[in-house]
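Below, chain A partners chain B and then partners chain C, in two separate complexes.
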Partner chain A sequence: MHIPDGFIPPQVCIVGYGLSGLITWHCLRQVQRHPDPAAQMPKASLLAAAFFVVTSIQIPLPPMSLHLVLSGLLGAVLGYYAFLAILIGLFFQALFLGHGGLSTLGVNSLIIGIPALVGYGIFHLRRWLPRALTPSVRDGISGFLAGAIGMMLAVTIFISLLIFAIPVGFDAATERMALLTLGIAHGPLVLVEGIFTALLVTFLRRTKPELLTGLVSKPTPEWATERISQPEPTNSGNYSADRLCD
Partner chain B sequence: MRLTLDTYAGLHSPLHCWWPRSKLVGLGVLMLGFACVQQVQLIPVCLMVTAVLYGLSGLPWSFLRSRLRYPGLFLLGLVIALPLLSGSTILWQWGPFAIRQEGLLAMGLIAGRFLSIVTLGMLLLGTTPLLMLIDSLVSLGLPPLLAEMTLLSYRYLFDMADQLTNLRQAMRLRGFHPNGNRQSWQQLAAVAGTLLVRSYEQSERVYKAMRLRGYGHSQSVKSQIKGWGKSADLVAIGLCATISLALIGTQIWLTVPET
Partner chain C sequence: MVAPAGKSLTGFKHLKLSNQSCLSAVVNSLGWVLLCCQPGLSHGAIATVTRTFSVQASYSSGEPIAMAQVVVYSPENPDQPWTTGQTNEAGEFDFSPDMVGDWEVVIRQAGHGTTVNVPVSTTAIAPIDPQPTDSPTATLVSTSDPLTTSPLQRWVSAGAALWGLIGTVLFFSRGK
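Now for the complex of A and B:
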């Protein structure tokens, strides 16, 4: 799902960087609207690192195994931070693992980042699911849809970009066949991504439900935003941030 | 998971001594020039410039070899597929397999461009400590929030990778063997979920620690890298820009039809 360096024309790389810059700007604006964006930053960063590591887990699907992208889940958990986290994750993947590339960073961030933002929207539609279903089932369904639709969108963008990259002399019938084969080969991945996202969402609901509310929409705890006028006299060993900063 | 990159950043070579901000711009411009190459005749020039720069950097060839292992698989696929599937001029045929001229040229172009750009990327990262590179990006206008996120993610990436290794080891010791059934998928989802929950809890502790050290009250990340270095650093940028422009110019000259 990562386009390497030198594979697509420079115009596509430049347009990719331009579009990715615009989306990054929009996401940063959305994030800055939060009463205390600084409070969310460490969570987004550590979760971005965790997602980077989690995508290295191999999911067995005999006779092979797959690596997941988890863009839908990333969107559900990180909200607008998801695109920024993906940009950073792809930067690290290009540096450490040689997946993707520096010249195609913009294009690759669109392939995985746009589905993450769409996944964010889809996951938060769970409140529209029938009330007769239990919250756990509702989360599972919306998780599946966010994961599967996100992956489907990523494959669609990826294949559309590949059409730009195919050499002019390529036989039209072979080209159609190659793209169709690529699309069909990604079919199981769409299902696996959906199922795994649903399983993960269900697990998170059981263990840490606040992770599923999205970072941007989560209210900031009072201690992180309000200055304490009277330091608590109970224990002199406890330092508050404000006592140190004043 | 191998996450080391700064192993050779402490060497002493012209590339290592190049001022990071200038190096980022110079090599970036050169990468752009290489990406613009559409004529296979120009590929030897790209490869030669890259080889000279790599030689100057003093980085061992094993470093490049190890970094090219994964992207090399992509390259292999390209080398096999393109000459067989693309084009109409047959150069050599054996039964149903035919090597076509157009495919061969396209393969040379894409593979050459790919090798040159990837090697330049490795040069940039192999000769500059990552923190300095991010600092240079901030000095060139990277939003502070993005820089802070990158630095913090980088700091905890190694911790997370260690935690995943421990979780995997613990599962193996308890007899876990992934075989693709529902139960093993659920267990893998639990592993991934545990890592996410742990990172979330750790992030709350990290945030409290950062607040205690004044985070959020003072100005955000500010670059320590100012200016463009010495005159030699500027000359190097000029040289890269000249090569890049020459490539783009030759490219245009080669594609314009003769009247």
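Now for the complex of A and C:
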């Protein structure tokens, strides 16, 4: 999911930097609205470290090697911080591991960062899930969707960017075929990523629910109070935390 | 993502021998005169030595990039491919440049790959990295590996980046 230097035209690199700059600005603004932006920093930094390590690990799946992207997971747990964490993680990977490239940093941050923001949105949809389900199941379902759709979106953006930028000299049909094979090979990883996100989110819900409270966009008292009324003893202080985190 | 390129020096010897044996009786004398005047035409020997560059493409994990597309650009025309081809099972591809200058080899498979510059000179090729390679005759000419540093250095720098992130966690989670 990391486009190396020289694989896309310079115009695309520049547009990629422009767009990722705009998104970074927007995310920073959202983060600044927070009464205490530093409160979420440990979580964001820890997940940036996890992103840096996990997405560097290549899973050999002949004839290619793939890696997870953790887009949905970061989006679900970090919200707007996710894009910033991904940007930092990608910068370190390009600099120290030669994974991706500095000229394509903007484009790569879009490939992984946009699905993270979409995953953030998808994770929010849990409030629309049937009330009959327990909050833990609802979290699990929305977490799975965030992770799986995040991965699918990342693969789709990656492939569509490259499929239209096959340079002269390369056999376009072969390259297209190779890209589609790569996309199909990511199928199992989509499930893995979804399950992993669902497990982590439900685990956090059980052990440290305050880590998930940063997700709340607009505290709608109706559902927020509904969450408090859930028989979870640790949730007693969540309402104020939810408000703070927006 | 990494394609170290190794060079092997191979000499080809083309021996071109022209043979003038069946001259008709009519032009026999004329032919004989010609043979006498231009002895070079009859038994000239031409030796051409070409240098073949062998490119080896592998992922940073060490796994070869097999059956990847390769495009070679000559120094004269960097826009149009000079030749195209495919790496073999071992991720290798050979080409014989015909002019001096900086050649560019692009290896690509499913959006993954790399670009390597191959400096070609008529005299000696200065090896840029004296690291010993597998074959004793092959000299490393060029590599697209951005990390010509040792693996230790690489891990230390990656570890430093990681520690920076963990340090940030600790800094921001310290007690108020």
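In this section, the second predicted complex is superposed on the first by the 181 of 246 C-alpha atoms of A that agree within 3 Å, B and C clash if a C-alpha of one lies under 4 Å from a C-alpha of the other, contacts with A are read in each partner's own complex, and residues count from 1 in each chain.
Everything below uses one rule, namely that a residue touches a chain if its C-beta (ideal position, glycine included) is under 8 Å from a C-beta of that chain, and two chains touch if they have at least 3 such contacts.
Bear in mind that the values here come from a model prediction, so they are computed numbers and not experimental data.
Peer 1: Check whether A:L87 is in contact with chain B, with chain C, with both or with neither, and answer first, second, both or neither.
Peer 2: first
Peer 1: If we overlay the two complexes on their shared chain A, which of chain B and chain C does A:I195 touch? Say first, second, both or neither.
Peer 2: So A:I195 only meets chain B here.
Peer 1: Name the contact category of A:S136: first (chain B only), second (chain C only), both, or neither.
Peer 2: Neither partner.
Peer 1: First (chain B), second (chain C), both or neither: which does A:V77 touch?
Peer 2: Once the two structures are laid over each other on A, A:V77 reaches chain B alone.
Peer 1: Identify which of chain B and chain C touches the larger number of residues of chain A.
Peer 2: Per-residue touch count on chain A favours B.
Peer 1: Return first, second, both or neither, reflecting whether A:H99 touches chain B, chain C, both chains, or no partner chain.
Peer 2: So A:H99 meets both chain B and chain C here.
Peer 1: A:L182 in the overlay: touching chain B, chain C, both, or neither? Say first, second, both or neither.
Peer 2: A:L182 sits against chain C, while chain B stays out of touch.
Peer 1: With both complexes overlaid on chain A, does A:V31 touch chain B (first), chain C (second), both or neither?
Peer 2: First partner only.
Peer 1: Going by the contact rule set out at the top, does A:F158 touch chain B (first), chain C (second), both, or neither?
Peer 2: The answer is second: A:F158 touches chain C but not chain B.
Peer 1: On chain A, what residues does chain B touch that chain C touches as well?
Peer 2: Correct list for chain A: 4-7, 38, 41-42, 45-46, 48-49, 52-53, 56, 58, 60, 65, 88, 92, 95-99, 167, 169-171, 174, 178.
Peer 1: For the complex, give me every residue of chain B touching chain A.
Peer 2: 1-3, 5, 31-32, 34-36, 38, 67-71, 74, 82, 85-88, 100, 102-103, 106, 110-118, 121, 124-125, 130, 143, 145-146, 148-150, 152-154, 156-157, 159-161, 163-164, 178-180, 184-186, 188-200, 202-204, 206-208, 210-217
Peer 1: Mind pulling up the chain A residues that touch chain C in the complex?
Peer 2: Checking each residue of chain A against chain C gives 3-7, 38, 41-42, 45-46, 48-49, 52-53, 56, 58, 60, 63-65, 88, 92, 95-99, 158-159, 162, 167-171, 174-175, 178-179, 181-182.
Peer 1: Inside the complex, what are the residues of chain C that reach chain A?
Peer 2: Residues 1-2, 59-61, 63, 66-67, 69, 71, 73, 79-81, 84, 106, 108-115, 145-147, 154, 157-158, 160-162, 165-166, 168-170, 172-173.
Peer 1: Considering the complex alone, what residue numbers of chain A touch chain B?
Peer 2: 4-7, 9-10, 13, 24, 28, 31-32, 36-39, 41-54, 56-62, 65, 77, 81, 84-85, 87-89, 91-92, 94-99, 101-103, 167, 169-171, 174, 178, 195-196, 199-200, 202-204, 207-208, 211, 224, 239-241, 244-245
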